[in-house]
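Labels for the chains are A, B, C and D, by order of writing; each one numbers its residues from 1.
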Amino acid sequence: MTLRRRLLGVVLASITLLLMATGVPAATIPVSVLMPASFADASAPLVREFNASHPHIRLEVTRGPLDTESVSDLAISSLLLGSSPYDLLLMDVTWTPKYVAAGWLEPLEGWLGDDAMAPLAPGADLGNAFSGHLWRFPMVASMGLLYWRTDLMAAPPRTPMELARISRELQSSGAVRWGYVWQGRQYEGLSTVYLEMLRGFGGRWIVDGSPTLDSKEAVAATRWLEGLIRQGISPPSVVTMAEPQTLQVFAAGQSAFMRNWPYAWNELNRAGSALAGKVGITTMVAEPGQPHVATQGSWGLALTKGSQHKRAAIEALQFLTSEESQTRLYEDFGYTPTRQAVFRDPKLVSAHPELPELEAALADAVLRPLTPVYAQISDLLYRELSRVFTARVSPQQGMEQLQEQTLQLRRTVGGEI
Amino acid sequence: MTAAANTNGSKGALKLQQLGRRVGRQQLLESLSLTVQPGEILALLGPSGCGKSTTLRLLAGLDPASSGQILLGDDDITATPPADRGVALVFQSYALYPHLSVERNLSLGPELRGTRPELIKEDINRVLDLLQLQDLRHRKPAGLSGGQRQRVALGRALLRRPRLMLLDEPMSNLDAKLREELRAELQHILRSIGAPVIYVTHDQHEAMGLADRIAVLERGQLQQVGSAEELYRRPANSFVAGFLGNPSINLLSLRPGLLIGLRPEQLRLAPAGATPASTETSLNAQLTTREWLGDRLLLHLSSANGPLKVMRPSSDTLAAGLQPGAHLEVQWSRGDALCFDARSGERIEPS
Amino acid sequence: MAPALLLLLAVFALPMLQYAWLSTQAQTVLTELEPQPVGLAQWQRLLQDGRFWQDAFQTLRFGLCSVGLELVLGLAVALLLNQPLRGRTLLRTVSLLPWALPTTVMALGWRWIFNDPFGPINLLLAQVGLPTVSFLGDPAITWLSMVWADTWKTTPFVALLLLAGLQTIPADLYEAAALEGANRWQSLRRITLPLLSPYILIAVLFRLAQALGVFDLVQVLTAGGPAGSTESLALYAYINAMRFLDFGYSATLMLAAFLLMLLLSGGAVLLWLVSRPRWAGGQR
Amino acid sequence: MNRLLLILWSLGPMLWQLYTSFRPNATLTGNPMQGGWTLEHYQALLGGNPPFWRYLLNSGVVGLSSTLLTLVVAVPCAYGLSRLGRKTARNVNVLVAIAAAFPYVLLFLALLQLARDLHLGNNLLALSLPYTGLSLPLAILLLQASFRDIPPELEEAARLEGLGLWQRLRWVLLPLMAPAIASASLLIFLFCWNEYPIALTWLSRADLLTLAPAMARIAGASVFTVPYGGFAAATVLGSIPLIVLVLVFQRQIVSGLTQGAIKG
């Protein structure tokens, strides 16, 4: 009897709590945004400011998971459920075609104007439009960078061979334990790493809707990365590393080089960091004559088709991607801007001499293939690379298989990727 | 409603008319016809599986009858739901609610039937007094002895003021001594109800000691109804003869086509070679074993016509002095012998 | 009764029918998420999909190894718990704990325990001067790490089932065997195992079905890596649906996984029927 | 010795998580023997948005409502089955047992479509529907077994006394079933509390997540370091309610599991 009563009490209390927490009636227009945890944290002050200056709108940020794929899963499951609770999504550059094809997004050119992309810096304008419409406005630019230790070498390596040589020298002199750490785990990050090497070796991922992953350039890029592990330039555990793990090793002074995104700059130079002032950034190494490319990894805001408050959501989008917001995100958190004006702000440049470096890297940015089945082809890529890096298969064989698998996928989806 | 109707004592006789029950291809009970008067106790006797429990369940309404009718007083209750029959049943396992105290076990039914609380209280006190259960009223069944449980079950039945009282081997879970003690008390209580009582048992002593009449069932068929004495003296067939009496009757085929039934207690012994009186018959036999039963002796003998049991008083000096292997004459008066048709088992009046 | 059985049909049977239908359709981003009939193309694709076969093999390998290990360990634990020991209740409670925790919770825990080089096992190895083990980074090892984590979590369940079985074996059987001079191993082999076999079958069937549907553990512990060496069929189906938005193929994969499971469970039952002691035939 | 081994095997991983959860992140990846103790991981979790206890609460709500709903549906069904003939009941039970062992993760896609078609997503109470369906088989098997343990005479006695079906259930059968119902409820509750794939696809609002998907999606404290301490604190917080549950109801859980084995 008493147990039953107690249980009933618990149920009633829980229900009441839930209702209290969710059922707040609002006279203002609610706008909700899903962001990965890091961006949600960084934009919190902006959101407060927006809400203070826009009393008719209540902007609310949902702090999603940290890692990109989990955020994507969350966004997709909310969209699949039909009535998405989100008006705006902060999206990775690779998601756009898939979301557009699924019919989940609202074109932005009608809201922002046909020349909405004009103020964007070169490189940042990539990956926002697809099949003739604008779907996404970039809030934060991001591109793969090579971090190097200014205290251990005079100039950064520009070719793969130089990188390997400097690494070996520093390793044998005992200055560092490892030469180079990068994102080698089986996940999207590996695709971004590989794309930079692929282009640096002169290869291409997709040419005119067809994969060219068994080219000798592609095999050479794979072999080089695989060789880094085999020769001990990269630690064996690099195959389990994502961005935070590489940063951890590099920040601890254990590696001479690191491949990472711009945000790591702030962390490495913050007060108390062992490496403050000892780190330089540049673009990725490339074979002589090949471009030093950076994989573009910008995050942009998109409007969901099911949004009930599109006008208010656009207001929030414009605020969050404004020059002022981008300046603050850069100053406080190291998130690279997307607007040309911010890169050229003399005050900002004088306080942050690395800014032109970033602008240059962004201009060198390349996109991952823009296709609705990007998730599949990237999945094939990082899976097969992981097989190569864990010595399940040779680089040559691996790339041949990858080519075959990608072709098979192309047949399955009807000939275009 | 039934309780109110029953308080005025309008209790009618129970009439079974060609009652039958069949499940699938199995005939559990075949065309049973019986009448039990109010205040009469009828024992249903038979080996397990003979259909006595089936009959009880039909009467209680727990199982539907396949054929025939059940009349209680002027009402045909064949299709009446169990609760509306005014029937009380004491289960073999007593079926007391294990989670309720004695008092709650008794009051649950009346309470849920909507009887007035003060009436229930009064009734319960009366029953508890009658059954000497007052001290145990707050105990749970697990804390009661077998006899106490039986009384609670009986009390629950009494509270119903039944128009028909049914008991399903209520003593079988008690030890032998307690059974004998309770028998008289039980008989008294059952008579006081003033309703027809049907008492199912496989124990002939209980049936003989308790019931006014006994109905013997075998394989779903009624073999015979009558007083204990009738059944003992004039069994309808060899089955009834064999089922009643302890030790059981000797059945010998002395002549082709005929079975002679001889009760062990009606046999006498004489020295080997002694000639019987003119009214008597004699049979030569040899003693195999002896059982001493206090006041009596049970002798197991072998004869040319098969084994024989003879029951003699311990004071019989001839019987007491016999050693296994001894030869002797077994004698009986011809009037005591029962004759049965060897094929059908029906009793035949000796010609 | 009827509503419950209807609900069961709706939850278990309807989805399978739906998958059967969906597996003849293409429903992807390229069809704007509308189903389009494609006949048996998805099944053809499945048969040619090396990744499906690899995952099927890996799922089976995981299922058989973890269930086998759980049986052995579970039996040991059950035998231990069946002895009249001091603090048996406490022991039983403690050994039950791993089973009660949500898989995702402890999978997150195992990710840290298996960490190279900061996990406790690798710390210990480093202390003694041994090389660390890449529990989650080596395709040859990672699936074993997964078996380990699953065994840790599910052994209590198997142990309890077997303990229930042990408690139905009358003690006088052992006493009789001991009088005839049987040693502990012989009485385990001749009395315990045969009498326990129905319980072992139940445990195997239940666990095998669950292990072949392994999902939570893989997704949180390894996400299928490295080199796809721990990806299970369920995870592959999940990725196809939620990441690739390829619902037709996802349904095909799940139906295939289900059929595979039926096949295996049927095999286990057959094996038991063939191998069980003859006297057991009369028991039911 | 054996006992010690068993305890170590069972508790070791949990104790390591407990230890980790009180250590500052820096010491975890540096020299493990150095550094002090900290509550920062717990503070971060409980002060997060939504706070961690919210997930526990959500799981509790789903668990309780699903358990109640399952019992409401399963009790009559189990009663009906237990009163059927042995043979019919056994045939039904084979199907129910297959459902009980079914790797339900395979159902997620169909259930997701159901959620979309009926607008059941992001609703904790609606999540109880699939959970009820999934817990039913086990509940039916357990409850049916214990219904069969109640002697039929008890119910017949009640029938003779004029008790209707509902009265018999309420006053006679259910009180006797209390231990079995408690065991079944606990197992159902545990299942719902721990369930992952369905919750993962049915809930996308951060404030509605139940514990299992929340754990899988848990956001780290920072992008710069791997929040091992935070993860550990989350596993500890996520485990505590269940550890308490197991400690308090150990007997019922064990009897539920073993009943299922013997009777099922």
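To be clear about the criterion, contacts are C-beta pairs under 8 Å (C-beta built on N, C-alpha and C of every residue); 3 or more make two chains touch, one makes a residue touch a chain.
Here the structure is a predicted model, which is why all the values come from computation and not from measurement.
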Labels of chains that are neighbours to chain A and to chain D: C
Taking each chain's C-alpha mean as its centre, the one farthest from chain D: B
By mean Cα position, the chain sitting nearest the middle: D
Centroid spacing, where centroids are CA-atom means, of chain A and chain B in whole angstrom: 91
Whole-Å gap separating chain A and chain C, where each centre is the average of the chain's CA atoms: 36
Rounded Å distance, chain B centre to chain D centre (Cα mean): 55
Gap in Å, rounded to a whole number, between the CA centres of chain D and chain C: 18
Chain C, residues touching no fewer than two other chains: 242
Residues of chain D engaged with two or more neighbouring chains: 29, 112, 201, 216, 218
Shared interface positions of chain B, touching two or more other chains: none
Topology of the chain contact graph, where touching chains are joined (line, ring, star, complete, other): other
Interchain contacts (touch definition) - all pairs: A-C, A-D, B-D, C-D
Residue ranges of chain B touching chain D (in the complex, touch as defined): 60-62, 82-84, 87-89, 91-93, 95, 97-99, 108-109, 112-113, 156, 160
Chain C residues touching chain A - in the complex, by the definition given at the top: 28-30, 32-33, 45, 48, 50, 116-117, 134, 136-139, 223-229, 239, 242-246
Residues of chain A touching chain D in the complex: 7, 10-11, 14-15, 17-18, 21-22, 36-38, 62-66, 70, 73-75, 77-78, 80-85, 243-245, 247-248, 251, 263-264, 267
Contact set on chain A toward chain C in their complex: 69, 72-73, 76-77, 80, 98, 101-103, 185-187, 236-237, 239-240, 372-373, 375-376, 379, 383, 386-387, 389-390, 392, 405, 408, 412-414
Chain A partner contacts - residues on chain D that touch it in the complex: 29, 48-49, 54, 57, 60-61, 64-65, 68, 112, 115-116, 119, 121-122, 124, 200-202, 204-207, 216-220, 222-226
